[in-house]
Amino acid sequence: MSEQNGEIRIGFYVCHCGHNIANIVDVAAVARYVAGLPHVVVSREYKYMCSDPGQELLRQDIHDHRLNRIVVASCSPLLHEQTFRTATAKAGVNPFYFQMVNIRENVSWVHEDPAEATLKARDLARAAVRRVAAHKALQPKTVSINPDVLVVGGGIAGIHAALTLANAGKKVTLVERAPTIGGHMAMFDKTFPTLDCAACILTPKMSAVKNHPNITLWTYAEVTKVDGFVGNYTVTVKHKPRYVKEDLCVGCLECIDACVYKEAKVPDEFNRGLGKRKPIYIPFPQATPQVVLIDPETCIAVKSGKCKRTCVEKCDRLAIDLDQKESFDEITVGTIILATGFKTFDPKRVSYYGYGRYPNVYISLEAERLINASGPTSGELILRDGRRPKTVGIVHCVGSRDKNTHRWCSRTCCMYSLKLAHLLKEHSGAEVYNFYIDIRAAGKAYEEFYDKLLEENVHFIRGRVAEVTDWAVIPEEEGKLIIRVEDTMIGVVRRIPVDMVVLAVGMEPQSDAQEVRRLFNISCSTEGFFLERHPKLAPVDTFTDGIFIAGACQGPKDIPDSVAQAGAAAAQALMLIDSGEIKLEPNTAYLTEQNCSGCKSCINLCPYHAISYLDDKHRASINEALCKGCGTCVASCPSGAIHQNLFEDEEIYSEIDGLLAERSPESTAV
Amino acid sequence: MKYLYYPGCSLKSTGRPYDESLRAVFAALGIELTELDDWNCCGATAYASIDENQAFGLAARNLAIAEAAVTDGPPTIVAPCSACFLVLTKTQRYFEDYDHVRDGVTRELAAAGLTYRGHVKVRHPLDILIHDVGLPAIAKLVQHQMKGLHVASYYGCQVVRPFATFDDPLYPTSMDAIMRSLGAETVDWPLKTRCCGGSLSGTIKEAGLRLNQHLLVEALRKGSDLVVTCCPLCQFNLECFQKQINKNYDERISLPIMYFTQLMGLAFGIPEKELGIRRLFIDPLPVIGALKGGVPAHV
Amino acid sequence: MSDKPKVGFYWCASCGGCEESIVDLAEDILGVLDAVDIRLWPVAMDFKRSDVEAMADRELAVTFLNGAIRTSEQEEMARILRRKSGLLIAYGSCAHLGGIPGLANQFPREEILRFVYEQSPTTENTEKIRPLTSAEDQGRKTTLPKFFTMVRSLDQIVEVDYYLPGCPPTPKLLLNAVTAILKGELPPKGSVLAPDTALCDECPRRDSKPVDLQIPEFHRPHQVVIDPALCILSQGVVCMGPATRGGCEAACPAGNMPCTGCSGPTSGVADQGAKILSCLAASSSPKEEDEIRRVLEGIPDPVGTFYRYALPTSILRRKRMPAETPQAHQ
Amino acid sequence: MDRQQTSDSSGTWQPKIIAFFCNWCTYTAADLAGVSRMKHDSHFRIIRVMCSGRVDPQFVIDAFARGADGVLIGGCHPGDCHYMEGNYKALRRFHLLSRMLMSMGIEQDRFRLEWISASEGEKVRTVINDMVRRIRALGPLRLPAGLAELDGELKTREEEILHV
């Protein structure tokens, strides 16, 4: 019953949204005003339009009043447009005969003067009423979903997402740019608050990834290009040369022993430079895959060719290939999960903490490696200068909660600092001081862990550390690092001499987060983490359909939260895959051929090559399957021959006219 | 490279060696400094606490003259004295950021028949040397490598705080980098921006002397042969009270305190007469000349 | 009196080119003369306003009116002819779109009068005498038409039945129109009697235009030697062809000059200038702000370039001149 | 009633700004400003488009001609376009169009293009407040009313003309 004899019959509904709208906007006045506009048959106000009774009201009116156009003035269309379109369709009216007016985010929440807000709400409503009259019935475009999934990032979030999907029977490609998966978690010694050994709980999952029949694991690889759209992405992956044939290497490590470098001389990335490795190496013993690689910057053979190549000789599987070049693979997937993680704050930015100047100032990840049994000191707490610390100071909030660096709380530092305090004390018997602003221990069994630390006689000094210095004022300070801090509990400036300083560095976006988000066509929030579609209700979705985010790439997160998010992202992907298809906004461009002069102006404007030129007809032609609906060609067509569904010229003109049209006398008397 | 030069009062009195050596070194580097015609007192830090409006007006007069003096490109003032640099920078910032300051300054200047549009850049010689000249150009001019000389760079507070326009506010390194390009070794000491007492030495003497004692003792403890600085007041405090510090606190300090431009000049082979070396109370030449590869005292 | 349909030709603010274009029919004009009875043609024969006023309503089967409306007399004649004609046809760019005279809508009326009567280099008028709408001399009152504040197209004054586009319309379009009128095979009222596709469709250079055109620089026609075989736009010279209605058989590009837009936009476009602006800006290649500015400076006068014929019928119609109010008297 | 004379309840003139916001960035940022309750001037009306590249210069001109005192286009930062390059097309059109508008007597401050990413709710507020302030300083544009006044010079009554 979409159209009766071409007569346009509009139903208008203004939502109170509880008090959210009605407190500022005089909804009754808006409803009265709209009732007087042309084609409006029904005009109502209602408490919650998105509720079941609200939608039922709509359905009943469509039936009773033979409505064929619906306008709802409520919240943002980004939130509820789909809800009302569905309700409209259920009542038998084409869902695209619906138009939404945003009078909450755009009006009641941002304006304070009720008269102005009401006036604005009326203007917007009038524009929508005019616009909807120009609407056309449309059919949503349906596309099928390729069931294969790409997971980018092989930290705990990526691993968990990949395994979840693979266990559900989906084919997953996991791309990790480091030579091994494991991410930051693989570097940790223990995890808070349970003090599980990080490796013990992570490595089984790493090998599960490697061995899963449904997972293709590509390490030392990066995504370089992403084309397509939800359900149908084409992704190009670059494999960086490891100079070792991954399929031949069995990880016997004999080549490493055979290297012409007898001693390991190169700072080793995994141990944050605290240990050394050779030019041919494996990142750490449990690295997955168990494949060695060669660092071209330090390998003499790769750099100059002048080497005896003892490693090549040693490998009887002929896995070493010093001429290996980068190679590319192209895969097609339907959905993508980004779990690209975070970067630790570089404390050199806060020069007054002395990192890089005083050897005994460490960052937390270095401390993790120092106490790890497989770390560079085999778990012995030996400082860079060879001493064993008797006192340790842990400085919280380094690069967090600070206007000069990052304003946000990194969420994990308090807890890992407590964990490190416990572990450092356990390993060395040292006195441990924590310098904190607040202890944020919000999590299951977190506060209890804090209590436990208090009982362990770890010292807590509340104050933001001013500086770490080696300037000794009294003999007891000689040879120590002095932490200068205002102890806000007692209101004095204190100087605490320590042997070792651990900086609890915060979490920040990966340095290439901006490039990555451009590659995948998603957004970043102000601080540079990937932006979720909705902070509460769609925390793992992005504004690009079919692309999900998980873990610390979305914001600072600890392991349980990252795993939970990874599971959620996998579930979102599964939802798409199992429904088999997705309905897309039918906002594509189309051409009226009789108006086209074949001027070719539009052809090159389309970034998706959706427009081609038909040589025989001398006309342009739009492939609606390729069109993503930006409308750039529509705005450009000098003949007015290209149009856009949902955003027709006529619809936008109606909106402009509606917004600026003369007001009825009633409207000024708010 | 051409800049307007704002010496300020110190460089015409106690800080003359700074003025002389800076001009000599900049000339050697091919930088043209034109002294701002008819400049006046920057107001230093004291005036603002008496009358903010007049203080801004006073400092802004220099900016207005500078703006009028340059027709090609944005006018840049080089201000070597830390207090002048701070006050002029602050005036420029506040003029940009605060309507009431802009209006006040405009009114004050109008009374003197001047206008200011806010186009002047205020820069410190260290900034010019690091960012415009560059270390390689400095290294190229060095005739006498300062090999084996241990230099402590002392920045004081005002050149980097609160406006860190060219270096880290708490751990600046620009002067150290210049010293290294002369061949000297720089000592990493934590007090490079710690207080020299400023005018306390003249008011609450005990406090001022203590602060200077800390600096001198720590510089020596870190093995410094001499201290270079970029601030006339710091130089004065650190150099002139050594005798009294020795007497009051039973120290035996005799540490040359010189302007960084003086050491640059010596390294460049500029005659010491042009660098105001003789104006210093503690002669640095013996420690410099004593070093292998250093500069003989007669240069 | 013959029973052939009576036809009128009339001119308002125009250059006379449209009148000449009728003669351009050459020998075809004889056929036209056989078929119709020309009852009004001031450019060829003397007519008085009273002669027209004396006609019965709709006595003229069809009137071809060329020229824009700039004076009160033109307005009045347009209204009279509307009443006396069965069909009123806006003939040529000026009547259709406002035309070249319409560019005067960028200037205040006073400025125009001052220039023309006082400042133009060829004017000597030390007493600064201006025309008056009425004056008395030796007891006799004479009047002159009022000079309006702005130029208008014909349809901004009276209802127009059809439009013949072009500056001037080509003989072929005129002949087609006359034939259609005589045969009674006219399209819906309000139509432009020319194809509704843009010029490129009939341009001999069409096939030379690359599909991936990105314009790195804009040039004016006198700054470059235009290759006679290649698409003019692809040579960086602004050609209005993509945004201009065809029907002229691309006469200008065929003569190695860019289209300047005299036939106005196609029916899908409200504002010819805005559309070619949109198309050209989108098709130019720079991305950096300064570079964009520099390249687009290659079009020094966007109004004169994009609205050469259609300023009075564009969406804005006239430059905004805030201080001016319409004047009742000259 | 004159559609130009938009006034508030106290009768003083208030500007009307039409804002074309890209769905993916500025429109989302405006939503964020809403969710964050960032209060700002109310004298603008948003039209949502999928991309700043969809904003046909005709829409901008039409808005002015129908009585807008200002037009704002909000798009994604350069390099961030959801459709790769639509914002560059918008930028180039903007430059040419603002020059054209200026020669048609429409002041520069009345037409503005801003890059506002989805996370920049605060920027929505500052841009809108600033634009309203500038347009208040310029006063009403009055295009339709101005033209209507000029049309008063025409004789619409035929009796005045036809002396028959």
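General observations
Read from first to last, the chains carry the letters A, B, C and D; within each, the first residue is number 1.
We adopt the following convention: a residue touches a chain if its C-beta (ideal position, glycine included) is under 8 Å from a C-beta of that chain, and two chains touch if they have at least 3 such contacts.
It should be emphasised that the depicted structure is a prediction, and the values quoted were computed from it without experimental measurement.
Chain centres here are means of the Cα atoms, and by that rule the chain farthest away from subunit A is C. When chain pairs are compared by their number of contacting C-beta pairs, A-D comes first.
Averaging Cα coordinates per chain places subunit B and subunit C 72 Å apart. Centre to centre, using the average C-alpha position, subunit A and subunit C are separated by 58 Å. A straight line joining the Cα centres of subunit A and subunit B is 47 Å long.
Averaged C-alpha coordinates give centres for subunit B and subunit D that are 52 Å from one another. Within subunit C, residues 269, 275, 278, 282 each touch two or more of the remaining chains. Multi-chain contact residues, meaning those touching two or more other chains, do not occur anywhere in subunit B. Subunit D has residues 53, 56-58, 62, 89, 93 in contact with two or more other chains.
Pairwise, the chains that touch each other are A-B, A-C, A-D, C-D. Within the complex formed with subunit D, the residues of subunit A that make contact are 76-78, 102, 104-107, 109-113, 115-117, 119-120, 123-124, 127, 518, 521, 523-526, 531, 543-544, 587, 605, 607-608, 628-632, 634-636, 644, 647, 649, 652-653, 655-657, 659-663, 665, 668, 670. Considering their complex, residues 592, 594-601, 603-605, 612-613, 618, 632, 635-641 of subunit A touch subunit C.
Residues of subunit D that touch subunit A in their complex: 1-3, 7-9, 14, 16, 18, 23-25, 27-28, 30-31, 33-35, 37-40, 42-43, 45-51, 53-59, 62-63, 66-68, 79-80, 82-86, 89, 93, 117-120, 125. On the side of subunit A, the complex with subunit B involves touching residues 351-352, 354, 357, 467, 469-471, 473.
Here subunit C touches subunit A in the complex through residues 196-201, 206, 209-214, 241-243, 246, 265-269, 275-276, 278-279, 282-283, going by the rule given at the top.
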